[in-house]
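Before anything else, here is the set of structures, which you'll find just below.
Each of the next two complexes has chain A plus one more chain, namely chain B in the first and chain C in the second.
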Partner chain A sequence: MMKIKLSFPSKDHIRRILAEVISQLLNYLIILIIGLAIGAVVIFFSGLDPFAAYAALWRGAFGSWYKVLDTLDRSTVLILSGLAAAVAFRTSVFNLGLEGQLYVGAMAAAIVGFSFTSLPKIIHIPLCLLAGIVAGGLWTIPVSYLRLRWKVPVMVPTLMLNYIGILLTEYLVAFPFKDSTATMSASPVLLETARLPKFIHGSQINIGFLIALAMVFIVYWFMFKTKIGYELRVVGFNPTFAASSGMPVKRSVFLAMLISGGLVGLGGATMIAGFFGRFMSSFSVGYGWDGMMISLLAQNNPIGVLPASLFYAALANGALTMQSQTGVNQNVVGMVKGAIMFFVTAQLFLTFFKGRILKWKST
Partner chain B sequence: MEIDLSRIITISLFAATLRMTTPILLATLGGIFSSQTGIFHVGLEGLMDIGAFFAVVGSVKTGDPWGGLLYALIACTVTSLIFAFVHLELKANEIIVGLALNIFALGMTNYLLVEILGATGYYQSPLIKGFSEIQIPIIKDIPIVNQLLSGHFPLVYVAFIMVAVVYLVLYRTPFGFHIRAVGENIDAAKTVGINPKRIKYAGLLIAGFFCALGGTFLSLSYLNLYSVGMPAGRGWLALAAINFGLGRPVPALIACLIFGFADAFALRLQQFGLPSQIVLMLPYIVTIIALGGSAIRNEMRKRNASRMKASTATDAAA
Partner chain C sequence: MAEALSIKNICKEFPGVKANQDISMSIDQGEIRAIVGENGAGKTTLMNILYGLYQPDSGSIFIKGKEVKLHNSHAAISHGIGMVHQHFKLVPSFTLGQNIVLGIEPERFMLVDNKKLMKSVQETSEKYGLPIEINNLAGNASVGEQQRAELLKALYRGADILILDEPTAVLTDMETEELFKMLRRLAEQGKTILFISHKLREVLSVSDTTTVMRLGKVVGTVKTSETDSCQLAEMMIGRETEGGRMRQDNVTPGEVVLELKNIFVRDERNLLKVKDVSLQLHSSEVLGVAGVDGNGQEELIEAIMGLRPLVSGEILAHGKDITSTSTRQIRESGVAYIPSDRYKSGVAVEANVWENVIANEYYHPPVSGPLSFQASNIENITRNIIESFHVKTPGIKTQTGHLSGGNIQRLIVGRELGSGKAKAIVASQPTRGIDISGTEAIRHTLLDFANRGAGVLLVSADLDEILTLSDRVVVFFEGELFDAGIVDDEIRTRIGNLMTGITEGCLS
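Right after this comes the complex of A and B.
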């Protein structure tokens, strides 16, 4: 371990950190207000009361103990998907294929979940989740090959693999693995030994959430405390510098894609083994895309992914209550999310506040 | 399963190729303008979606497909202005703003579909007035050729004519020169008195214009309906086509034709009872192969060029 050197930060240093923190918080607050305000205007013009709608949204997300647990449950896949995006984006690999990797991982988990009989829980569950990780990771390899061997930028191929992955899983549950008793295209139900145990009576929340929570810290530790993680970040920050200082740029890009696919594949697996209990076609309502947005909201910091995921989960759960109680169409939330993303990397507010705070402190 | 190829590969398949190429080509032409100013426009997909939706709204409200096109143009122009403002004035990252645009478009069309048209998921109604086919005078009387070239929707012809227009604008006008200058070297462009911000605004607005055309074609030609997520990746295919042609219109056209053919071929195979999911993968697989192929070609060319240089150097030394 490294020795930690203690030195007293100067007053100036503290002031800078404080200015950074405060301006970041203010920045997020303003962006949130802008997003909600745009939503409110839309609700207002459809002739409904925006305040009542947002109150219902809040109740739906945090109104009771069970609502809170539901929100936490919903955040599971978002956390994993957000972490997946964070690892890739930190390495400057624009993996836009999370949605496809999620589906493929979920499908693999489902296949393991319903086909291996008479396994004890302690083996079947990890096997199921591992299948999700491996499938999600493998799904990135064609893209990595094109990127590393022939310098094809990853963005478009990862996107194409989204469509291919979603169609492939749709095909699998429509023909080879179709459960003929199900009304929609779905796989057979997972065996009881593959289902993630629930730990609070009366709630859907399961150990998937705890796994996701642990992954937040594991990914943080990996990215910030290990040599490989350090290399990933340097490659992301400046590939030319990384290459000239002898870092394995190619390996880092490959690893970032692989880990990213594995994490979101694990997310898909937790949804299938935890929430749904079977693979259904189009089960994901854009969790992969949400993951990218969450990571960007968190400035690609694994720890920041946690609050950002909770925010997204709250919006998603709250929207359902909002729709049922006040009649406001839940898709308003999609617009709010889009509006927030528009401004999230805008530097305007940030530099404005930072300048103000620094000035104000020094006078 | 036996499939008779001669029944699949017919003149009408090539006619369908032109039709399926059209929306991708329109988005590609728009994207070429923004990419030539140095902006990688990830929001094409969302813009097309907005265009397709507002074309249907406009068609229903005005009772005329051209009214639909006008609505689409207005909607896409406004959206492009917001995009341009956030990227150019607020200095937000273009890729992230593009992704945001896609998310926003999905939320907005979903929401407005319920609010304006009272439908969820998709809207189909005799109230939607679509375009009608154009029979081209002389050509319509020539056998075989008429099947291929005549009887398409107006925007099909617009798209292919636009390839030439875009080429001329980019390579034969001062405006085109300014656009390419900004994309190539922004500082050099500034020193000769070009205002890069204004050029970038123009590039983004032109991208919006073409996406409106592409979106309108999707919803008001052949199938007069709107369904959520209607572009189905065509905006992304356009990015692949731009990438394939390195921002030049003619090679991008070739890429679009390849994607359009894959699309048309997939539709045709579907009629022969192959599982639709497998068949529908085809265009996306073709895209990946095309991207790989063009990258390999570029790499080879570079390698040959350096080898040539090396051999001329040794010749000179000898």
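Right after this comes the complex of A and C.
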């Protein structure tokens, strides 16, 4: 009979983990450099100084204590949106409707926020956020129904529901809920009892960020340490196997959609109850779409969503400063992001480094 | 008559399998040659070599006495070899006529003279007596008509040697009769025909000579008029059980652990694949289910496991009705399942080892509490199964796809049987494609569980496996189940006849 090696963690095992970590870091580093280099070429050929531009980018994102706080504040909705994408993608449910779910969640939070008077903060805030979660989650149900009843792939219906969700909320703030004193399409201002408290004087950052931070760990725990999260992941890996093991495949798909919509709906609610204080039409600059990119960047790992969101937030904040100080159009950052995503999804360098490191360490 | 095709000493090896070993045969012009053999006998490999899809490791091919090298199917076609695959390769949105000329249309200033072209197709159709409606869309044509179009496609390209891979598998009896008439007519016109089949009745009725293959070798070639089904069946499946018998004889079975009553099941294409199947599996019994792949075995198993709806019928586990309950309830009533396609239904290759080990037990203690997993219990359970079923893995967190096929199968067997709760074990192709030590270990495990009182329903296309392990054998043929009885000295002949569709005596 053959001998089984059970001593843990073996040297080989440690080497593999090290190789994994180092190759991941190198992978992202190289991709970042390539992305920035591509941006630099464009800046250079538009007759500006790339080094000055990137220095401004850095200052805008991390230049001072308040800039750092701003970046963290901006990451709030990105984290929640990224987690939403990660849960769905891990289950192999391609929810492309995050943007619509975000708007619907935000609208629900706004309605709760400006309509219920004389509620104490301790009730009004949770109620407001809950409304965002529920509305975002409910917005996925038509798609889940199509998927489970008629096996319609979720991609197209979720995509289409984006338009319905966004335009519906736009209609609501243009007519029934329009604040007549506002110059643009916007809802009334939320009551003070519904606003997320700020906790650092002089900064916009509010408890929404802490909630998002907590959700990173909750979602990680849920996906990797609980029975239902396990079902979701196994269904994501191989639904045929999940079915023959007796797992509830349909329920898992339904839940993944629901949780995904709920998370991004919460993200919308934190924007309204935190940063904006009212619902404004087209308030999101593609946070739902960014969430998908962030999740891909994090390889659909909830913990990885945190650094990926911070990175996205830093680029967004930095881009503004870059534009105002050096005159480089902030869309250059969009190109940098695009280039980075291209190389991340291609995973070219990852396999390259993994092979190299394993070889190098074993010789 | 002149020799149309001869092959000499063809060898072809795939990793771990000698698919063709020293194959030689010679076929005359105008001859209808049947090639018969079990699954994995090497027939399809040989045909693919003849059609230029595979290159032989050694050996040579002669057409009309001249040695040829068939580097690809274009070379085969230009040497007059045509092939009709089991699954037709027609473009459904093109007409049959367009399909026939597809890829070889004569062009003139980028334009195709469609009228002239279709006329030439029509002429070919009439010349060979293969009637088709050339303007009919392939997607709308009947299966028989699609097959005629496939034949015409080969003939239109000038084929003198036609290879047909299980041409009757998709046909009705009427269509089969028609096909055979057409084949005889083609042979009279000087075409040489090779066809692969599992059905001895058809082989006996249409072929001039029959070559029997077994385990990658040619067992023999006989004149069809001078043989009968019993002789062919015996050649196909051999006299001796490879590797000897592992199961002791005369086991007394216990009470019924799994019972099927008049089961009917349809497949994805809505065809009736299981027709009125009834069987009883007893405790301490190994019941072998033999038969050529695709005769309804898979559909039956999936129906037992609650993965495919029944059209009608009843399934009882230990006397308890489990018809149309969930897969989980079926498993909880003591039915373990070793699926035939381990990568599709047996594991999630991207998940790690422990995640695959707990797949049946994850939802209750000791694996999980009310909400979350009990990490230390999981580790113990996984280690235990790795150890007792000798799964070779660097660790319990290793990605399962990195293990070898044999170790993945050990893991699956360990997961299904490790808890010791299985009363009925549904094992489908449990050792297909895995190494010898893994095969031995899994067979021993199955017999162990039978000795300890479980019933084993062993579905396998490998007849030697069935005969090595089983007490009793039933045979699937075209969705129906036939009893071949207790394993004794004459069982091979009985199985051989039943699996090739002959239920009464020896057909000649």
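By definition in this document, the second predicted complex is superposed on the first by the 356 of 363 C-alpha atoms of A that agree within 3 Å, B and C clash if a C-alpha of one lies under 4 Å from a C-alpha of the other, contacts with A are read in each partner's own complex, and residues count from 1 in each chain.
Throughout what follows, contacts are C-beta pairs under 8 Å (C-beta built on N, C-alpha and C of every residue); 3 or more make two chains touch, one makes a residue touch a chain.
All values reported here derive from a predicted model rather than from experimental measurement.
K.L.:
Of the partners chain B and chain C, which touch A:L48 in the superposed model: first, second, both, neither?
P.N.:
Touch partners of A:L48: none, neither chain B nor chain C.
K.L.:
Classify the contacts of A:S244 with the two partner chains as first (chain B alone), second (chain C alone), both, or neither.
P.N.:
second
K.L.:
First (chain B), second (chain C), both or neither: which does A:L127 touch?
P.N.:
After superposition on chain A, A:L127 lies in contact with neither partner.
K.L.:
Quick one: classify A:D12 as touching chain B (first), chain C (second), both or neither.
P.N.:
Touch partner of A:D12: chain C, not chain B.
K.L.:
Figure out whether A:W221 sits in contact with chain B (first) or chain C (second), or with both, or with neither.
P.N.:
second
K.L.:
Looking at the overlay, what does A:Y230 touch: chain B (first), chain C (second), both, or neither?
P.N.:
Only chain C is touched by A:Y230; chain B is not.
K.L.:
Classify the contacts of A:L213 with the two partner chains as first (chain B alone), second (chain C alone), both, or neither.
P.N.:
neither
K.L.:
Where on chain A do chain B and chain C both make contact?
P.N.:
Shared contact residues on chain A: none.
K.L.:
Mind listing the chain A positions that touch chain B in their complex?
P.N.:
Residues in contact with chain B: 42, 46, 94, 96, 142, 146, 150-153, 155-157, 159-161, 163-164, 167-168, 170-171, 174-175, 286, 289, 292-293, 296, 329, 331-339, 341-348.
K.L.:
Residue numbers of chain C touching chain A in their complex, please.
P.N.:
305, 307, 326-331, 337, 339, 344-351, 355, 359-360, 362-363, 368, 371-373, 383, 386-387, 390-392, 394-395, 437
K.L.:
Please name which positions on chain B make contact with chain A in the complex.
P.N.:
Result: residues 42, 82, 86, 89-93, 95-97, 99-101, 103-108, 110-111, 114-115, 232-233, 236, 239-240, 243, 275, 277-278, 280-281, 284-285, 287-288, 291-292, 295-296, 299 of chain B touch chain A.
K.L.:
Flag every residue of chain A that touches chain C in the complex, lowest number first.
P.N.:
Counting only chain A, the residues touching chain C are 1-2, 4-6, 8-10, 12-13, 16, 221, 225-227, 230-231, 233-234, 237-238, 240-247.
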